[in-house]
Amino acid sequence: MFTHTKRLQFEAKPEQPDPVFARKLQELIGGAWGEMTVTMQYLFQGWNCRIEGKYKDLIMDIATEEIGHVEMLATMVARLLEGAPATETTRAVQDPVMAAVIGGMDPQQAIVGGGGATLSDSQGVPWNGRYIVASGNLLADFRANVAAEAQGRLQTARLYNMTDDPGVKDMLKFNLARDTYHQNLWLAAIEELKADGVEGTVAPNALLDEEHTEHATSLWNLSEGDESTQGRWAHGTAPDGSHQMGIIPEPRPLGGPADAPAPDPKLFATYDGSKGSPRDPRLTGVKGMVGKLKEGFSD
Amino acid sequence: MFTHTKRLQFEAKPEQPDPVFARKLQELIGGAWGEMTVTMQYLFQGWNCRIEGKYKDLIMDIATEEIGHVEMLATMVARLLEGAPATETTRAVQDPVMAAVIGGMDPQQAIVGGGGATLSDSQGVPWNGRYIVASGNLLADFRANVAAEAQGRLQTARLYNMTDDPGVKDMLKFNLARDTYHQNLWLAAIEELKADGVEGTVAPNALLDEEHTEHATSLWNLSEGDESTQGRWAHGTAPDGSHQMGIIPEPRPLGGPADAPAPDPKLFATYDGSKGSPRDPRLTGVKGMVGKLKEGFSD
Amino acid sequence: MFTHTKRLQFEAKPEQPDPVFARKLQELIGGAWGEMTVTMQYLFQGWNCRIEGKYKDLIMDIATEEIGHVEMLATMVARLLEGAPATETTRAVQDPVMAAVIGGMDPQQAIVGGGGATLSDSQGVPWNGRYIVASGNLLADFRANVAAEAQGRLQTARLYNMTDDPGVKDMLKFNLARDTYHQNLWLAAIEELKADGVEGTVAPNALLDEEHTEHATSLWNLSEGDESTQGRWAHGTAPDGSHQMGIIPEPRPLGGPADAPAPDPKLFATYDGSKGSPRDPRLTGVKGMVGKLKEGFSD
Amino acid sequence: MFTHTKRLQFEAKPEQPDPVFARKLQELIGGAWGEMTVTMQYLFQGWNCRIEGKYKDLIMDIATEEIGHVEMLATMVARLLEGAPATETTRAVQDPVMAAVIGGMDPQQAIVGGGGATLSDSQGVPWNGRYIVASGNLLADFRANVAAEAQGRLQTARLYNMTDDPGVKDMLKFNLARDTYHQNLWLAAIEELKADGVEGTVAPNALLDEEHTEHATSLWNLSEGDESTQGRWAHGTAPDGSHQMGIIPEPRPLGGPADAPAPDPKLFATYDGSKGSPRDPRLTGVKGMVGKLKEGFSD
Amino acid sequence: MFTHTKRLQFEAKPEQPDPVFARKLQELIGGAWGEMTVTMQYLFQGWNCRIEGKYKDLIMDIATEEIGHVEMLATMVARLLEGAPATETTRAVQDPVMAAVIGGMDPQQAIVGGGGATLSDSQGVPWNGRYIVASGNLLADFRANVAAEAQGRLQTARLYNMTDDPGVKDMLKFNLARDTYHQNLWLAAIEELKADGVEGTVAPNALLDEEHTEHATSLWNLSEGDESTQGRWAHGTAPDGSHQMGIIPEPRPLGGPADAPAPDPKLFATYDGSKGSPRDPRLTGVKGMVGKLKEGFSD
Amino acid sequence: MFTHTKRLQFEAKPEQPDPVFARKLQELIGGAWGEMTVTMQYLFQGWNCRIEGKYKDLIMDIATEEIGHVEMLATMVARLLEGAPATETTRAVQDPVMAAVIGGMDPQQAIVGGGGATLSDSQGVPWNGRYIVASGNLLADFRANVAAEAQGRLQTARLYNMTDDPGVKDMLKFNLARDTYHQNLWLAAIEELKADGVEGTVAPNALLDEEHTEHATSLWNLSEGDESTQGRWAHGTAPDGSHQMGIIPEPRPLGGPADAPAPDPKLFATYDGSKGSPRDPRLTGVKGMVGKLKEGFSD
């Protein structure tokens, strides 16, 4: 259960309205790497965490913090839109800079949001639930969290260079700092997972004996040129400490022809009959399996 | 420019058709963390790479490999659908297991694809371009790549446990191995970025002096309980080597009230007038800026 | 079955082209609350209506009217784009206002639509079928209809203030009037549902005896401050005439810990074993139920 | 800013796992009318509210409550999936009911979520930000809220009839009750808006003098049959108290031909020249306006 | 403007309910190639048609017909769902075939639609406006129409083989026939465009002198093997009557290196400086152009 | 399996950066009819092709070529963005043309892509997998390919008229030529299908005896006016050589009332009972069928 206080986590007051920047800031609200993504990613990771204690508590701490970040940004957008020329008619756009502002605004912030933020990115595409991941595997998810905080800080840093409003910059300095901390945090949490012995270097820490080990070590040099042989990834021991790394300079396909089987005639694929009919499923396929199952039933 | 050979990178032949598994395998083709995602993520990262040489060559090697992985999976799906009971009428479903198979199939693989793979995930949602990231910042992107390979290997491992067909498992053993290598590869590439001095630990490696440093160190304990104080992220030096890590046990909001400014009356927000009118934009806002600009024009 | 006349329901002739407004007008065509939404919402409500007579006839009347509204708007967009500077090269944009117009135009109206409307909103996001609802429950749906007409009139009113073209305003005055009537219409239809005794105040008019009645009356005061105690919703009889309304000033969680059960080991969630194994499904879960069913078979 | 307690708002413990119901329950999490929709709709309405005091506090109370509802449902899904047959191979599906369960499960809850909820609906389509509305106009938005709570209660009631697990039903009885209260609440809030004189019956409460009043009163009888003349919406005074309601039995189009103007030849529309060239924009269109503006510049 | 009659264009009465088929039929309603697509594609083509007369009248005839097809299908879905086991609890699924039916049903047809059709495809993905095209170029669009009718007839034919209900088959026989006619119709309309001299063979019938003619004739043999040299496309005169067709057996790239320019340092791309700084825009880029424009202003 | 060379298929060097055109060019990368669509459409058609030899080789040749086209366009976008004013603050926009440029730019190319292309269209909507079709039926698919190349060439031609940069035009002249060839190619491939006798004129070449032939010949004149009777589609022999074409001047509905059956009371549709209860499924519906099946079991 959650509770709410009416004060912002950090101040979000622009010195001046700036409707063009209000549009750009939507990227941090509803973009694929924005604050809504980390909010929902962490909430679902917390709800799906199968190991009680410090990890789950940590995830829920940060998830709860991020809802407040969305609040800061939504408030900032509303403030940047104060007095925006949303309802100027085209005829009124006699001032060129005003015209440019109108061209660069997000029309939905006015038409749909009445001067407030929407749950969309800077191009107006709505945020959606496929942006998040909560797999239950903490190593895989913490890596996704490091990645999200890195992209988030990068976008924040770019936006920091797109304004010179002191109030906006002050808020972004806070966001940058939190993204710095969160990157360190998730990197530290990955170290902790290893120290606790619950995860290794490769996610998931499983099936390492069953996979085709001989294919777990080499770079396939499929793009011309051999510059890629010069890197760390082509030599020595892998970061997981248990594989050697190398390169296949001239890779050849290991599989057979890439062809599809004879089609079901009732699906009307174009076909010349040269592959015969689909294998009789009574013998080899699903229906055949059913036959076996029926025998099994009599046991 | 690309060229194509007609043989598969690795073999993809099931012993028996299995249309229910053919649906599940769509997750590795068109899922948010499937092979199309890494294909496109790496292609766009390569095309957007601003540092020629080993990194760009590496990215293009792996990107080109991944197109071949999609090919393997699409071929496997077509083979798993051979003789599938797609065109059985409901009345024919007298065998309960056959009925269950029909229930678990992807109807579009038959109706739309004619017995072949679609570019969708296991729930039928089409793959889309927001699943990828290519930011130009290699540290941020390589972290996203590690995360993608980890989620990809995790999903492959889960699917490995959902079949006992030796041919399917053989292909998945190859995929697992490549995902193992790719995780090691991108982790090694992150080490290389640091060794080369072009990126640090925090992405982007910038604005570290301008951000609010005092907020770059502490966990805000916003979810009840203090288990999260027990972790590596709450003590000692941060992974970046330059921050101390700590915790704020009872965090308080640092900002003021979360309120929005007076609205534009022509947008018809519900309003009682208590905040007055929007700040006169001629003085403080966009139009005011325009005024200043016009003065500037006379310079 | 439908038929078509070649004249518009109402005139849609702008005095002058205005390509920036043509973009904004897309919101009324393909926006979440635009005319396509009400067209499709009413069509599917009509087709899914289970009570023949006045209600179904009403829904189909309005649905059919709305297709004509999309027609008016699409025609207006094409006319607003007449002579639009879509094919001016960048070099030609020597006139600042023209440059601003190009900045504010919808590029797809030219590149994709050849100077006509698309089925997208003012940010270019395509209209989609999840915007509509047709539940078969008329009270729930008529409320959605009132809401849609209210948002539609609100957006139309905002757009009305974004143009001073007499021809455009003339069309919007018609749209505003229809939205006024439609709001009244659906409100009247809700009254009629009650008068006819087929629906109550709460939708669905069912399970009122089974729900936890003690939780059907109180506001949970989860956001700090008690201003919300001052409203009509915190006192007296509820609009349905059968509940008292009140407030819980300091709400406490009524449930237990928010934890997830032991995971399936084959799904590779991070886990320390402290919750044991998943409950044996042969006893308590699905497989167990199967066992019971098999016994049932012998009856 | 938000804080979190680790206990659920209400209990969410099923007596037995039920993976088929776990899929259906996704509709209440990530469906267009599910709990995520009301969470986000109310949060953005609160952040975009321009009238401080009871209304804003109310909206934030309910928004904060709804985050907790998502938490209850996500926890319930994880519990319903305990021991689910996600990793059974196809060959193992010898029991027909088990096979049916596998057919009816959401494959992504296993492959992506590792046995937990996703942010999608019961068909696997991800939740997205276009499901919400926060217009700043409280009458329009409260109507959308009534509609959302009605559809939400309707779907909950349907799901209530799809299970007989006492623990699931207990939680749903709570949800039903909250939806009952929330419908009453938003209906009461609409009454309060009118009592406070800040909104009328028609949203927005504006431009009523400018709209074409003669078109604000009548039903256009565009679907054959006259059953619709029998309803409340075709007689007497409208719910807003200021319009009379009637019907146009045989409506005729009021506009002219539905034709589009001459196209820009550089956009290559098929055209026979019969409409001449596009109107010269130097005289009547945007470029002409520019000319006027340039004159204006000399002032 | 449109009007509606309450009778179906063709009968849509199943002999028996069949909820599994009701799900599959959604593909013809809300699939990318379903009836909603052709409805909307033709409506927008008609509204965007710039040549009055027979073509526009034709498009509007078919568009109006297609709305009635959606009506038939939506009605059929509701009838196929009559008495469907939507509200059976899991425990009740003691009959294996019933269990299979439940597994194969569309849960949203019950939970959201109350036993009626939704505006989604057979996998539950909502129909969206990007499925349609209305470019204003009739040759390009009529080809898209032929393609849509062909895919539509193909899917209808597949569905025809998935049922043996005489009533369903009767309706599908009508749909098949209309799709046959519509394919012939659009093919004939393409012939007519050529006969009328308003379009050629290649769309658009323009810029044929400006394009690089030497690249308009040859197949690039980029996939290994030379089977593709055996086809009609590699020999003789092209269908447009004005090009010769051939093949480049061993194609070589004609462009230079695929590299990106020096990045803007404020966007924090990873960069070693080896490409220098971005070209000075005052001289060569946008800002430079501005400079030229300013000079132009003084003219 | 694929391999990559580091040189572009054709040169893609603009004379000058042009960030506004860089946005428009996104339509050819990630638009519904852009190069990613044909890339993926042809790849999946090739993988799903059931007839080995010239057709499959052809499809894979063109598919592989198209990946290289995406590469050319992505490279061009990066070059057009060199030195773009992405990180200018609003205050710096004192130059009106620069302001207009900022208004017309794609903000995500800077914020997300760091100055590179994204996988979205010119309105920022991400490319998705529903844009493609690969049905296995080559006639249906080749028609879709002709349509795709026609729309692609049309959009390229429009973009060609939106720039006067010689380097950009040079690349587009190549694209135009390839689109010309590809249209001819797929038209020739359709001729070849017929010459080979594997497909006819109507797709699929099946069920022509079972469909209602009497409905396969006539235009339903549902939009007022009889101009459509003047066309080729209303007279003589159809393009398939086997149907006569005609018109129904005043079409009447052939079906009965468009009503839905009695609803399941547990789904809470609004209902007055006048249709009775749903047909007893034990006799006529699914459950009844189950009964029959059980009898069948005893055989």
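Order of writing sets the chain letters: A, B, C, D, E and F. Residues in each chain are counted from 1.
Assume a residue touches a chain if its C-beta (ideal position, glycine included) is under 8 Å from a C-beta of that chain, and two chains touch if they have at least 3 such contacts.
Note that the structure is predicted; figures quoted are calculated from it, not measured.
Interface comparison, A-F versus A-E: the pair with the greater number of contacting C-beta pairs is A-F.
By residue number, more than half of the contact pairs of B-D reappear in one of the listed pairs C-F, A-B or E-F, namely C-F.
One finds 25 Å separating the Cα centroids of chain C and chain E. Work out the mean CA point of chain D and of chain E, and you get 27 Å between them.
Within chain A, residues 1-9, 18, 32-33, 47-48, 55-56, 60, 63-64, 68, 71, 75, 78, 86-87, 90-91, 94, 96-97, 99-104, 110, 112, 114-116, 120, 123-126, 128, 130, 133, 135-137, 139, 154, 157-158, 161, 204, 206, 222-223, 225, 253, 258-263, 266-269, 289, 293 each touch two or more of the remaining chains. Partner chain B is touched in their complex by these residues of chain C: 154, 157-158, 161, 266-268.
Interface residues of chain A, counted against chain F in their complex, comprise 18, 20-21, 23-24, 27, 31-33, 96-97, 99-104, 121-125, 154-155, 158-159, 161-165, 222-225, 251, 253, 258-263, 267-272, 274-275. Here chain F touches chain A in the complex through residues 1-6, 47-52, 55-56, 86-94, 96, 99-100, 102-104, 106-108, 110-112, 114, 120, 123-126, 135-139, 193, 198-199, 204-206, going by the rule given at the top. Partner chain B is touched in their complex by these residues of chain F: 1-9, 30, 36, 40, 43-44, 47-48, 60-61, 63-64, 67-68, 70-71, 74-75, 78, 90-91, 94, 112-120, 126-130, 132-137, 289, 293, 296-297.
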